[in-house]
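Okay, so chain A shows up in both of these, paired with chain B first and chain C after.
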Partner chain A sequence: MKGKRAPFLILAGLVIAVQLVTTLTGTEFYLTQLIMAALYSIVVIGLCLLMGYAGQISLGHAGFFAIGGYTAATLTTLNLFPYRATFIVRLLEKSGLILSDTNSWGAEILYLSPWLSLVAALLISGSVAFLIGIPVLRLKGHYLAMATLGFGTIVYRIALGSAIFGEADGISDVPGFPLLGGLIIDGSRSQRVFCYYFVWVLVLGLLTLVSNLVDSRSGRALRAIHGNEEAAEAMGVDTSRLKLYLFVLSALFATIAGVFLTHYNGGLGPSEAGVMKSVRYVAIVAVGGMASLWGTLSAGILLNFLSLRGYFGSLDDAVFGSVLIAVMLFAPQGILRHFRPNRSAEEKAQKKKSEKSQPQTEKEKSHGAP
Partner chain B sequence: MSWELIVQYIFSGVTSGIIYAIVAIGFNIIYNTTGIINFAQGEFLMLGGMIAVSLAAVLPLPLAILLSVLITAAVGGFVQIACIRWLKNPNVLQMIIITIGLSILLREVALHVWDEKVRSLPYFTGTAVSSIKILGAYVSPQVLWVLGVCSGAVLLLNAFFGHTLTGRAMRACSANPLAATLCGINEKNMVTLSFVISAAIGALAGCVISPIAQTHYECGTPLAIKGFTVAILGGLGNSTGAVVAGILLGLIEAFSISVLPMAYKDIIAISILLAVLFFRPTGLFVRRELGALKEF
Partner chain C sequence: MALLEVDGLCKSFGGLQAVNAVSFEVPNGAIKAVIGPNGAGKTTLFNLIAGSLPADSGTIAFDGRSIYGTPSHRIADLGIARTFQNVKIFRQMTVLENILVGAHTRSRGGVTACMLRLPFTRSEETRVRDRAYELLDMLDIAELADEDASMLAFGQQRAVELARALALEPKLLLLDEPAAGLNIRETAGLGEMIRSIRDLDITVLIVEHDMSLIMDISDEITVLNFGSKIAEGPPQEVQRDPEVIRVYLGDEDAES
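Presenting the complex of A and B:
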């Protein structure tokens, strides 16, 4: 048990150390990109669960991210002031679910509490994932990839083509997300250190959740699905239900990231729903080694941080494309695996085994080929 | 809706339909020899158009198009040799990710070699404003070029796969790679050849549609999604099915514009794709028993 906790403690230590170093050296601006990178890696952790453990690809996760972001942005930028007299608005105001503020012209505006919109976003995204997941997860391979890509494209087109979502401009002036005691998730300087810690606590919490899930009975069932779906089914694993739960869960992860990043940035545009974003998430999971939560997290933080700081310049997409190809060609098990001595010994043992059973698989192949 | 308007819609639907069919056939050629879907298929159209536009500045148009088709075919062969040919037993997920990576790289290369501007080839005959009156509708001569070249390409491909030794060898690889190898067919070369041919077909289509649809470094992906829809609708690997399905989708899209806003045009195609995947993944024209043998 002690060994399991060690990476969490190391990560927590690193998070605190980075904050102290940046504050002491006056380079706190790095925290901004670290906050955003951490939020993006929440999406990737969810996707890692789906791709690495259940073996199902999704090229539509930017769609769920955007559903979260757009729901939060639309609901919290809707001015309810003209409807103040109506019963529902009065009721919500009494129960503290409506906040008021003044806009840049000094007029009073009323808007829904971001807490309410977070719940709405999770509900909407969760039900969409559930409804889409039932038919989509029956597909495999290319068909699954194309169907999820299609879903992502539909979300993108709707965001781009609807006036309520601001078309190509997206939505701006999204208010901050208020937490207890006057602390707010937004892009202001005074809240930066707080936001940094909040986001990392969120990441650590979700990671704990996921790593417990992976080691549980359902986690083992999931890996069985990845290994061989038919065999898992024969052993009594309800594969379709587990896959669906996991799909919804990973969609919710993307939604949470979308909601908080939108509040942090104060807005979002349709490019967040674009295919390129989904491909990026897949690329990061691939670099991390598909079924490695810590590998995925490190790859997610590193690549997103470099990309957000603008180190790749106009080659941003090209970097992700090359990374995808290079990893798949030279290290399909992920980069980290090449640096872990005990892991490579394990692989060697596996290789020997597979070499021994080679003639049999060869026979099977010729028999089973269409 | 007046008669002339209906004819106009039919022409525009058939034109985009035949383009989708060509993209779908590009998917089919590679799928037939390897069983993989090449997500970079749309980028071959884009490359074909881009190269032809650049060459047309210094060369006569037919020569520019011919050279562009040859260059794109070489690029298709090159990416296959560099990124796919030497892999041992790659799994499907790996192939999907590699071809997606290739599509991003080709697009980024195009962005950096050229730029983000929209380009187009000159009209093959006449100009942008010239039109021919057919059955009361006004049709650009370029539309006839698109229809002619694409149908010609489909017929040629059918003849190639049906009646030449190489074409039949490629089909043998798709039916049973091991048996084909035992018969002395070099399977790896056939797979490379399938990438070359589908890149060439894509480039040709990219050239003929350039005057009316414009060429842009990002124009490949939407075409690829439509092409995939059509390939699925017609049944993966079935070229005749792809032509029928392509025209069907083109017509549905053309008529949908009269009811729905333009911005939602792509949503219709993708919804059809999703519906077919969910309810009839074998495609519209394949008997169910036959389809049950395939894996989805």
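Presenting the complex of A and C:
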């Protein structure tokens, strides 16, 4: 139990330390990329569960990220002022689900509360994942990869080709996401430290949920699907239902990331739905060691941070492609695994200790008696 | 009433009639064996009962209710556990975790409950873990609990598979050639193990090549050849059956 909490405490400590150091040294601008990297890492945590643990690849997760982002952007940039007199708008306004602002010409605009659009995004994305998942999850391996790739491509083309989604320009002027007490998720400098802590609390919370799951009855069932699907079924695991549940769950993770990143950036474009983004997520899970939450998180933060800071220049996508090739060739178990080759040995030693601790103390007692 | 009743079960693959109108019963508390030369349809019969394969026609009743066409995870839930001829272990999971998956139907925690670590999932976890350790002890593999199950020797993997099936707390245990790949001493140990499983009130249906094991432990034997039942009865009777002798010994193509 203690050993499991340690990484969470270390991560929380690191998060605080980084904030303090950047604030004290006047380099707080680094937090911007760390916020974005943390949000992207929510996508890969969900994908890690689906791909690393349950063994079901998805090359369409950028699609779910985009569904989240585009739903939030579309709904919160729709000016409801002309419909103010209608019953529905009045009802929503009274319930506090409509916010008002003034545009750059000083005219009043009314828009849907981002909380409502978040719920809408989760519902839409979850339903799409459910409907796509039913036929697609019957496929395995390469076939599943291709089918999900097809889904990602469809979302990309819709985003790129629809006037309502801004075509190639995407959607801009997305308002911030108001949380309690005047704290807002947006790109303004005054909210940066708050946003930083908000996204990291979100990451830690979701990570806790997923890490609880992995070591539980349902977590073992989903790993058993990876280990041997026929045997899992014979042990009473409803494999098709569990796979679908996981697919929807990991899609919702991507959606949450998409919604918050869109509010933080104030907009998004079709590249977020692009196939290369999906490949990037898969590459990160692979680098992290497939079935390793902490590996995936570390790889996600590091690679996204470097990419967002522009270290890869125009070779951005090429870097992720090369990383994927390199991992598959030289370290199919993930790179991080090479830094702790004694992991299983250590765990074994620990378990044996705890198991033997009781009889040992008894022995000691009997030794001490004569 | 018999625990398992199979009546007129048929299955063909293209032109091959793998199981042809097979009928038999497994009485409650018995050790029943299905034997026959290679390709007699034994494993197919098993897969039909366990729901891994859809049957073409016939009826299968377990505990008085039809399980014909029921998906295999539901059949497991009803209390039929199985092992596989070519051991199917969960890769990248420890021996203990493999056995814990066996207890899937005997615990309830869903994905959401497990993520939130609700109190009932914790007490349930302690219960199934204790039970898993008992099974590890029973099969004498307790020291392997934290090993990666796919890295074990074949015989040990068989033991893990058996423990996993027992964790399901089945009423009926289907063993698909459990002695394959075991040496004489291990086979004798297996015979003892199957008897002690029966003593736990678990009915056993076993498909096997190893005649010495079958003659030693089973109460009743059904003999298949080319998908059809050719004999049935207690071991001594089946041993003397001229048709069985012809199939097993007289025909040069058949295995001895």
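Criterion: the second predicted complex is superposed on the first by the 342 of 370 C-alpha atoms of A that agree within 3 Å, B and C clash if a C-alpha of one lies under 4 Å from a C-alpha of the other, contacts with A are read in each partner's own complex, and residues count from 1 in each chain.
Please note the rule applied: a contact is a pair of C-beta atoms (placed from the backbone, for glycine too) under 8 Å apart; a residue touches a chain by one contact, two chains touch by 3 or more.
This structure is a prediction, so every number in the text was calculated from the model and none was measured.
> Looking at the combined model built on chain A, do chain B and chain C fit side by side or clash?
Overlaying the two complexes on chain A (C-alpha atoms) leaves chain C and chain B fitting together cleanly.
> First (chain B), second (chain C), both or neither: which does A:Ile164 touch?
Neither: A:Ile164 stays clear of chain B and chain C.
> Looking only at chain A, is it chain B or chain C that touches more of its residues?
Touching more of chain A: B.
> Looking at the overlay, does A:Gly141 come into contact with chain B only (first), chain C only (second), both, or neither?
First partner only, chain B.
> Classify the contacts of A:Val119 with the two partner chains as first (chain B alone), second (chain C alone), both, or neither.
neither
> For A:Ile10, decide between first (touching chain B), second (touching chain C), both and neither.
In the superposed model, A:Ile10 contacts neither chain B nor chain C.
> Regarding the shared-chain residue A:Leu20, is it in contact with chain B (first), chain C (second), both, or neither?
In the superposition, A:Leu20 contacts neither chain B nor chain C.
> Quick check for you: in the superposed arrangement, does A:Leu131 touch first (chain B), second (chain C), both or neither?
Neither: A:Leu131 stays clear of chain B and chain C.
> Is A:Ser216 touching anything from chain B or chain C once the two structures are fitted on A? First, second, both or neither.
Second partner only, chain C.
> Which partner chains sit in contact with A:Ile154 here, chain B, chain C, both or neither? Use first/second/both/neither.
The answer is first: A:Ile154 touches chain B but not chain C.
> With the superposition applied, I'd like the minimum CA-CA separation between chain B and chain C in Å.
7
> Show me the residue ranges of chain A that touch chain C in the complex, using the header's touch definition.
209-210, 212-213, 216-221, 223-224, 226-228, 230-239, 242, 245-246, 249, 291, 344, 347-348, 351
> Would you mind writing out the residues of chain C in touch with chain A in their complex?
50, 52, 71-73, 76-77, 81-82, 84, 88-93, 97, 100-105, 107-111, 113-117, 121, 124-125, 128, 145-146, 148, 150, 164, 168
> Which positions of chain A touch chain B when the two form their complex?
51, 55, 57, 59, 135-136, 138-143, 145-147, 149-151, 153-154, 157-158, 160-161, 275-276, 279, 282-283, 286, 314-315, 317-318, 320-325, 328-329, 332, 365-366, 369-370
> So in the complex, which bits of chain B are touching chain A?
These residues of chain B touch chain A: 36-37, 39, 83, 87, 92-94, 96-98, 100-105, 107-109, 112, 175-178, 221, 225, 228, 232, 261, 263-264, 266-267, 270-271, 273-274, 277-278, 281, 293-296.
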